[in-house]
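Here chain A shows up in two complexes: once beside chain B, once beside chain C.
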Partner chain A sequence: MSKNYTRMGDGSPVELTDAELRKDLEDGANDAADRGKVPSLTEEDYKYLMELFQRKDRFVGVDVGNEVVLTYDEGTLKLKRHALLEDRLQALTIYERLFGADTIELCHVDYSYKPVKPIVGYEQGSLEMALLMTHAPLLYGAMPNLGLYTQPDGPCPNPMELLPQGKIKEARESYEAIIKDSVKDIVFASAAMHESGADGINFDTVGASGDPDFLASLLAMEQLTTKYPGMAIEMGMAGEFVLGTHGDLYYDGTRLAGLYPHGQVVLAEKAGATIFGPVVNTNTDRSIPWNLARTVVFVRACSKAAKIPVHANMGMGVGAVPVWDYPPVDVLSRASKALVELCDLDGL
Partner chain B sequence: MGMAIAHAQASGMGGMRTAGDLVARVQLAKGLRIREAKQYVADRLHISVIDLVDPVIMSEVRAELGLGIMMPLGKTPKGVECKFNIERLLGFEMNCLKTFKVNAGLA
Partner chain C sequence: MSDIYEQAKLSVINHDKAKAMDLAKKHLDSGAEPMDIITNGFVPGISYMGEEFGRGTVFLPELMESADVMLTVVEVVNEAIAKLGGGKTAGPVGSIVAATVQGDVHDIGKGIAVAMFKANGYEVYDLGRDVPVEDLINTAEKRGAKVIATSALLTTTMVEQQKLEKTLKEANLRNKYITLVGGAPVTQRWAKRIGADIYAENAHLGVVLVAEKLKEFANKVAS
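Coming up: the complex of A and B.
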């Protein structure tokens, strides 16, 4: 019996028989359908995915005509972390002219709105220079990163220390104060970069601190798009599920804790998002076929619920990409193709 | 970085090798989904949608219209110069040119 070469969620190689492959696809898809209360895969989808993993190609791609637009998080930071001796402006031109990037993103090495605030004038100067020498749409990106607002680094008591002590009321009050501070910082930095000419703002890794993080981003987006009608904002999520670290936060009457991507995108639209980036986490103990089938179910439901463009997150550890800094192209390209073609995506 | 390159090869439009940057601009400015955004750009360029991802056809189109090309030699539009041509072609105001126009005394 021939076996199909693929990988586990941590990137390690594994061989699956056809029966094992089909079972992993069904288990992954049904797990997502059960958790998200959304439709699972169809027999046609299983046929597509079986063929995709049975192929011997080292690299695959979408059919001609199915190409989508790519946006990036931590754009200029990803070259810097390889210890390359380049400036951020050079990094942008490398993305644009060597990597085939449809968009480019400028960012600060401490990729969060709070640390950008005191140096925003320098960031504006860099962005304005970059706009002179590049051609592709240039976004400015950072994370809400509410963790930076807790003591001793920030002004507010740490809810993660209060909660184990049973101080639920105090923890919630702290989160509510953090939301107010973070919204001010996100709006301040984003407005400055927009006024300098950024083609878009990227709110990245939204929800990393749970429902307060998601709410802060929605409120900041609402303020920005009210002040600057037509301002482009991409919202990329941190995880598939909004953690209820506060547990009692609402936006437009919807409770944030527990929302999956198809619920998140609806609120992002209401708040004024231009592009939404859903995340589905990769499980390292399961195979990539299991993870990919699961991701397709969640992301397809999100894409169907969306009116705005959906750019699924497909970096290391999300979107059925292995949790490995240099994901092998055999599984990465399969995930890229399947997600675009099965989920009717607008971008990655 | 292999990840960004692999996605660009597997699923991306190709950036300024093709019309990927133009379609991305339309998505960002108008919030259009991919099919509508591609059709918008194709209509403005008077080419078919499938041509948008063809680097041979798009290189010629971009050179002719001054939209920025991969190897810009002498006397060819570069950087912000191309953005003026892109703005005129796409038919909407681009945020990246607003501050430039003020600073350059053009607005």
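Coming up: the complex of A and C.
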């Protein structure tokens, strides 16, 4: 019996028979459909995915005509992480001229709005230089990173220490104070970079601290787009559902905790986002076919619910890409092709 | 009897402490085996909450409230067992030292795991975030813990989990402890590579796997 070479979610190689492959695809798709209360895959989708994993090609690509925009987050940090000796402006030109990036992003090494605040003047200077050196739309990006507002790194008591002690009221009050502080910082830094000419702002890893993080981002976006109508804002998520760390936060009448991508995108649009980046987490104990079928179900539902462009997050540990510093090209290219061709995506 | 177990399960799910206490007392007054209501009623309740938390339908404060109900009824049942003159009590199931590793300030996952372990009857020494390996080992030694659990959210801080394994070996303490690793970039592959005993994809699974490992550990010691 012939076997199909693929990988597990941690990147380790695995061979699956056709029957095992089909079962993993069905189980992954049904898991997402059940969790998200959205439609599972069709027989046509299964046929497509079976063929994709049965192919012997090491690398696959989208069919001609299906090409999409490639946006990059954390752009000026990723090369440095791999010990390439370049400064931020050089990194942007490498992305634009060598990697074929359709948008590029300047960011600070701390990659959070709070530490950008005291050095925003320096960041504005760098952005202005970068704008003179590049052609592609240039975004400025950072994470809301609400953890930086908790003691000992910030002024508020740490809800994650209060919650296990049963101090739920105190934890919620702390989160509410953190939201106020973080919105101020996000708006301040984003407005400054916008006024210096950034083509857009990227809110990255939104929801990493749960529903307070998501709410802070929505409120900040609302303030920014009210002040600067037409401002471009990309919102990239941290996880597939909004973790209810507060549990009782609402935006526009919708409870934020537990929202999956198709619910998140609707609120992002209302708050003023112009691009939405859904995330589906990779389960390292399951195969990539299982993860990919699951990702397709979630992302397709998001794409259907969206009126704004959707650029799915593809990278280490998300979008059916293995949790691996150097994602293997065989599964990375298969995941990219399937997401673009099955989910009507606008970009990755 | 199954009705009272079902009600006990629901009292944890609905984090109804008064109802849970009432059911525990009724069960104890009936003369039934005290631990049965914990095993067949309250534990399935907290397990359900853990699973639903992983699905995004239950939120952290609710999970904590259920955990609080669980801890209260366990205390009530244990007191009753003590009054009856001993016998098997509900805990602690084991003791755990937990922390987010040095250099890493991401503690949401660790906080959830701590709450889940507490809710399941473990004694947990939560050292917080940005914790050096030496502090983990010293606490485990001082408190007589069986498990050392570490969380790392960054590829750059995962190496601290490796350092823990190495330091335990150098101090000739490796066989004394069960090590558990978790965190977003951590995988089974990483656990195997560094020699950790358990990798858990999520907090709920962590509780299940630690229970299994502790049983294995106890059998090994007994034999």
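As a convention for this text, the second predicted complex is superposed on the first by the 348 of 348 C-alpha atoms of A that agree within 3 Å, B and C clash if a C-alpha of one lies under 4 Å from a C-alpha of the other, contacts with A are read in each partner's own complex, and residues count from 1 in each chain.
In the analysis below, contacts are C-beta pairs under 8 Å (C-beta built on N, C-alpha and C of every residue); 3 or more make two chains touch, one makes a residue touch a chain.
These numbers were taken from a predicted model, which means no experiment stands behind them.
With the two structures aligned on chain A, chain B fits next to chain C without clashing. Shared-chain residue A:G11: touches chain C; no touch with chain B. By the touch criterion defined above, A:G244 lies against chain C but remains apart from chain B after alignment on the C-alpha atoms of chain A. By the touch criterion stated above, A:A136 is placed in contact with chain B alone, chain C being left untouched. Contact comparison for chain A: of chain B and chain C, B touches the greater number of residues. After overlaying the two complexes on the shared chain, residue contacts for A:M316 are found with chain B and with chain C alike. By the touch criterion stated above, A:K37 is placed in contact with neither chain B nor chain C.
Rounded to the nearest 10, the angle at the Cα centre of chain A between the centres of chain B and chain C is 170 degrees. Once the two complexes are overlaid on the shared chain, A:G230 sits against chain B while remaining clear of chain C. With both structures placed on the common chain, the touch criterion links A:R58 to neither chain B nor chain C.
After superposing the two complexes on chain A, the closest approach between C-alpha atoms of chain B and chain C comes to 15 Å. Taken together, the two structures place residues 316 of chain A in contact with chain B in one case and with chain C in the other. The residues of chain A lying in touch with chain B in their complex are 59-62, 64-72, 78-79, 82, 95-97, 99-103, 128, 131-139, 194-200, 230-232, 274-275, 308-309, 314-316, 321, 326-327, 329, 332-333, 336-337, 340, 345-348. Chain contact summary for the complex, chain A toward chain C: residues 9-12, 35, 147, 153, 158, 160-161, 163-164, 166, 168, 171-172, 208-211, 240-248, 257-260, 283-285, 316-317, 323, 325. Listing the residues of chain B that touch chain A in their complex gives 1-17, 20-21, 23-25, 27-29, 31-34, 37, 49-50, 53, 67-68, 70, 78-80, 82-83, 86, 94-100. Contact residues of chain C toward chain A in the complex are 55-62, 64-65, 67-68, 105-108, 110-111, 114-115, 118, 126, 128, 155, 184-185, 187-190, 201.
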